[in-house]
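You will see chain A twice below: alongside chain B first, and alongside chain C after that.
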Partner chain A sequence: MSVLRPLDKLPGLNTATVLLVGADDALLQQLADSMLKTDCASELRVHLARSLPLPSNVNRPRVDLLVFVINLHSKYSLQSVEKSLHHVDASFFLGKACFLATGAGRENLCSVHRNTVVRLAHTYRSPVLFCDLEVEGSRAAMAQRLARMLQISAGHVPGVSAMSLLSLLRSSESPSLEDL
Partner chain B sequence: MRSALGGGLGLRLELHFSAMQKTMDPYDAPESTPRQHPSCSLKEYFLAATPLQRRLESVRKQATSFVPTPPRRRIPQRSQLQEDVDPQKVAFLLHKQWTLYSLTPLYKFSYTNLKEYSRLLSAFITAEKQKGLAVEVGEDCNIKVVFSTLLGMKGTQSDPEAVLVQILSKPQLPSEDREAKALWTGWFCCVFGDGLLETVSEDFTCLPLFLANGAESNTAIIGTWFQKTFDCYFSPLAINAFNLSWMAAMWTACKMDRYVAATEFLWSVPCSPQSLDISYAIHPEDAKALWDSVHRTPGEVTQEEVDLFMDCLSSHFYRHFRIHLSATRLVRVSTSVASAHTDGKIKIICHKYLIGVLAYLTELAIFQIE
Partner chain C sequence: MDETIAEFIRRTILKIPMSEMMTVLEAWNFLSESQLQTLNLRQRKDSLAQSVVLLCEEKCASLSDAALLDIVCTQVHRHQKIWDVYQMSKGPGEDLDLFDIEQFKSSFKKILQRALRNVTVSFRDAEENAVWIRIAWGTQYTKPNQYKPTYVVYYSHTPYAFTSSSRLKSNIPLLGQALTVASKHHQIVKMDLRSRYLDSLKAIVFKQYNQNFEIHNPTAPLQERSVGLDINTDSRIIHENAVEKDKVQRITQETFGDYPQPRLEFAQYKFWKAAMLTTTPQTPTQSLQFHNRFLETKFKSDLNGGILADREEPLRCLIKFSSPHLLEALKSLAPAGIADAPLSPLLTCIPSRGMNYFKIRDK
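On to the complex of A and B.
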């Protein structure tokens, strides 16, 4: 029934919509504010959701990028993201979805091992990004990165598609910065 | 609260993810050794390499594996070298609360100079304690420092011997036949520290785990002396919720003849203005029965089993109280084997699994150093 599909609606003119899914309301709100502050040629729309499926009675635009926010300090956020993943159409994972893990820096507070999130992202063949959403600088940098990814997913950047970005972001045989 | 097991706990959990894991991850081979270390094959090629080169190679080898580390599998440590340890001699290590620190390798530490170190450290402590006093206190220092080795506190033959440091109070009058009281006790050990030992050169002694019991001021003074003398670095070892849940599972898995304490968990709920604490106690036999129903391969503990064990406890709690324990932070775990607090405090109760507990703590300490 209410499975989220990437191409079931027509796109808006020069608008790009991102849906942030995560259990931590405060973090999502802060990230959304940062994203709206970024300088972007297209009009950005940010939607927030605690979990999927979304209520079907609301008229909402087509979702161009789906970001799952997992707080490594709370196992609950990982569990709610895992539950939400069942309500997403498989074609989202062709470059229109990514995972965002926050809080890896503070080891003492971590309830979830970062490798759990890495393996989850690997299972869904989607990129995983690490940042600390509670730190202003890291959040602003991540917001800019997401805004760029959103523009590419919405097709506003000529020459680069969501699929090509996905193959660029996929970690290869050479050691990546995360592993070192 | 006594939790009834069987169908009541409801193992109706999200096993979907773990099922996907099995089909999509063909890379992970089950490990039955405590550590899979890549540098054992490198030794043949890099016989003359410096420690730094060896270190770099092992880091590079680990980094090139495409799949992140396979689900960590560990053997629940049963007594391995316990035959060498005299229970009487290590009795003083049990039932005491130790504060944990991780320590980088000590430079030019020698086991033959222990008396010399005792003398130097006594002088240093006396000097520190008398700093700031306007008038020199007439009497000579009334404390004495003793360095000794603790035999048997190691995992393999290649681990260095554990070192015990004690601050004893000297009896005031020579005529008094009182036994010197230990004011402060600290000991360094290394249990199954192969990962660190291989990458360090001959001049260094690796004793990454430091346990202290006593006044914080004494710990600070002794720490300063060690840092100045052996060019090492202490840092407090905190245990995060992830590692605490591993400890809970491993210690519940230990076979015990007699349970002396209930299995207790303490969670901290982040809320304002003051944080709430949730304490959850289970009868130890129920906890063992739950673990046995989750556990599959004998001799190995996997990440999925630990997660399932903790998820069972959380879902049972949720059914009764409608509180998601996964949204809170695990702060303390207490079993009949040992109890650990997230601030880096540990109390070991059972001497049979002493080495096992130390092995896990050593691994955490090494991980923090690296």
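On to the complex of A and C.
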């Protein structure tokens, strides 16, 4: 059973790899394109996967950041991510994984409630980010944010580690989330 | 010319868009070339309608001529009506008689006129051995209502007839009987198939949908046709699940084929279940909307039983899928990552079984 581990490979020189996991191909592709367009000092690599586990026969670089993309319009997307979570090593959730929920703006099309994703992210002690991947501006902003997070997770930013970023992000959560 | 006929013609003309006016009038073939040339298409439609009525008066248009105009209009705008499909069958051991179209027409008309004294029946032949029939219904005591006719398209070499859904439901049995007897069949059955797109219904019922039509480009390589996303040229993006994606594409292609799907707007499923039903609503792309009434989701049994425990009557649930192009939307579900491939056979069997209204009983 192949489980994705964060530190099982040596890092590449100045390379940072992000793995986007989500059922919605078109959205992942668009996000990947936006991320590559951002101005980033490190060399970015984007891997797209519909679900985990990944095929084992491929030689791939170390994954520095794992982003689970959930489309709030599709329950299938949530189920696919939930299934994939079983194939991730626990140490990823120390700052190298995050959840991205898209489509919250169009309430009438949402079949997954925001809180479901918030609760899921809370269970895994990881940050959850909301955006609308179908809107150019929102996607570009999120891509920049993810690129920055990726740089930190890959260790390219001196003085900030993935764990410290995680604790910084967590302090902005409202205390009522602990009751969920 | 009767005032009612004049009014009928006027109102029919008003329904035709200006861009199609000449096409329709020429297809009607009632007004002469010289008369048509006198029409000024740049004036307002009501003045144009008036001029047409005057020309019709010159030629003493009858009710049947006006009815023919109505048929031509409907043929051009056939998607404005919803069409039902009826299938006729011959009894066992009956010979296949040679079909005589004139005999069919006179027999059909006679049956209706015998039953209801006041009825207007008009015929227009079309391509592929089809005959378009227009029936304006009256009763023993009232004149036919020309503004709520029923249209029937009968393909004479097949047992199929398509009728426009009308609100006057009481005449449907008589219509069925007239069709059956006139075409020398034994029995008529309404199929669970309904749509606005007559050509798609034809394609489904005559099993013609699985042929490639002119618009399909056979020279393009398979990958380019089936992959919905653009092939990305950036080598920094790597698709990990390429094998799975190909599998999904392959399954989709096996299920739906390479050809354009016939066009339907609805699929409706009625469930009767003795036990609880669990369904998960999904909202896929391409404006496929999921309407659900009486939807019951997961039921957790609690000590008190709750409202839904110990039901004696069976649970009923109606699920309706609607879309501008239902089958194409279903075809795109798995490749877009919204549903698992293969899709439920209830969805994929629609063209092959020729049904889009299902009643499912859980025994």
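What we mean here is this: the second predicted complex is superposed on the first by the 170 of 180 C-alpha atoms of A that agree within 3 Å, B and C clash if a C-alpha of one lies under 4 Å from a C-alpha of the other, contacts with A are read in each partner's own complex, and residues count from 1 in each chain.
Note that in this section contacts are C-beta pairs under 8 Å (C-beta built on N, C-alpha and C of every residue); 3 or more make two chains touch, one makes a residue touch a chain.
Everything numeric in this text was worked out from a predicted model, so none of it was measured.
Contacts of A:109 after superposition: both chain B and chain C are touched. Contacts of A:120 after superposition on the shared chain: chain B is touched, whereas chain C is not. With both structures placed on the common chain, the touch criterion links A:86 to chain B but leaves chain C unconnected. In the superposition on chain A, contact is made by A:75 with both chain B and chain C.
Of the two partner chains, chain C is the only one touched by A:47; chain B is not.
Across the superposed pair, chain B and chain C both touch chain A at residues 23, 73-77, 109, 111.
Contacts from chain A toward chain C in the complex involve residues 19, 22-26, 29, 32-33, 36, 43-51, 54-55, 58, 60, 73-77, 80, 109, 111.
Across the complex, chain A is touched by residues 228-229, 232, 234, 236-241, 243-245, 280-284, 335-340 of chain C.
Chain contact summary for the complex, chain B toward chain A: residues 14, 16-17, 20-21, 24-25, 59-60, 62-69, 238, 240-242, 245, 303, 324, 326-327, 329-330, 342. Taken in their complex, chain A has these residues touching chain B: 23, 73-79, 82-83, 86, 107-113, 115-116, 118-120, 122-123, 171, 173-176, 179-180.
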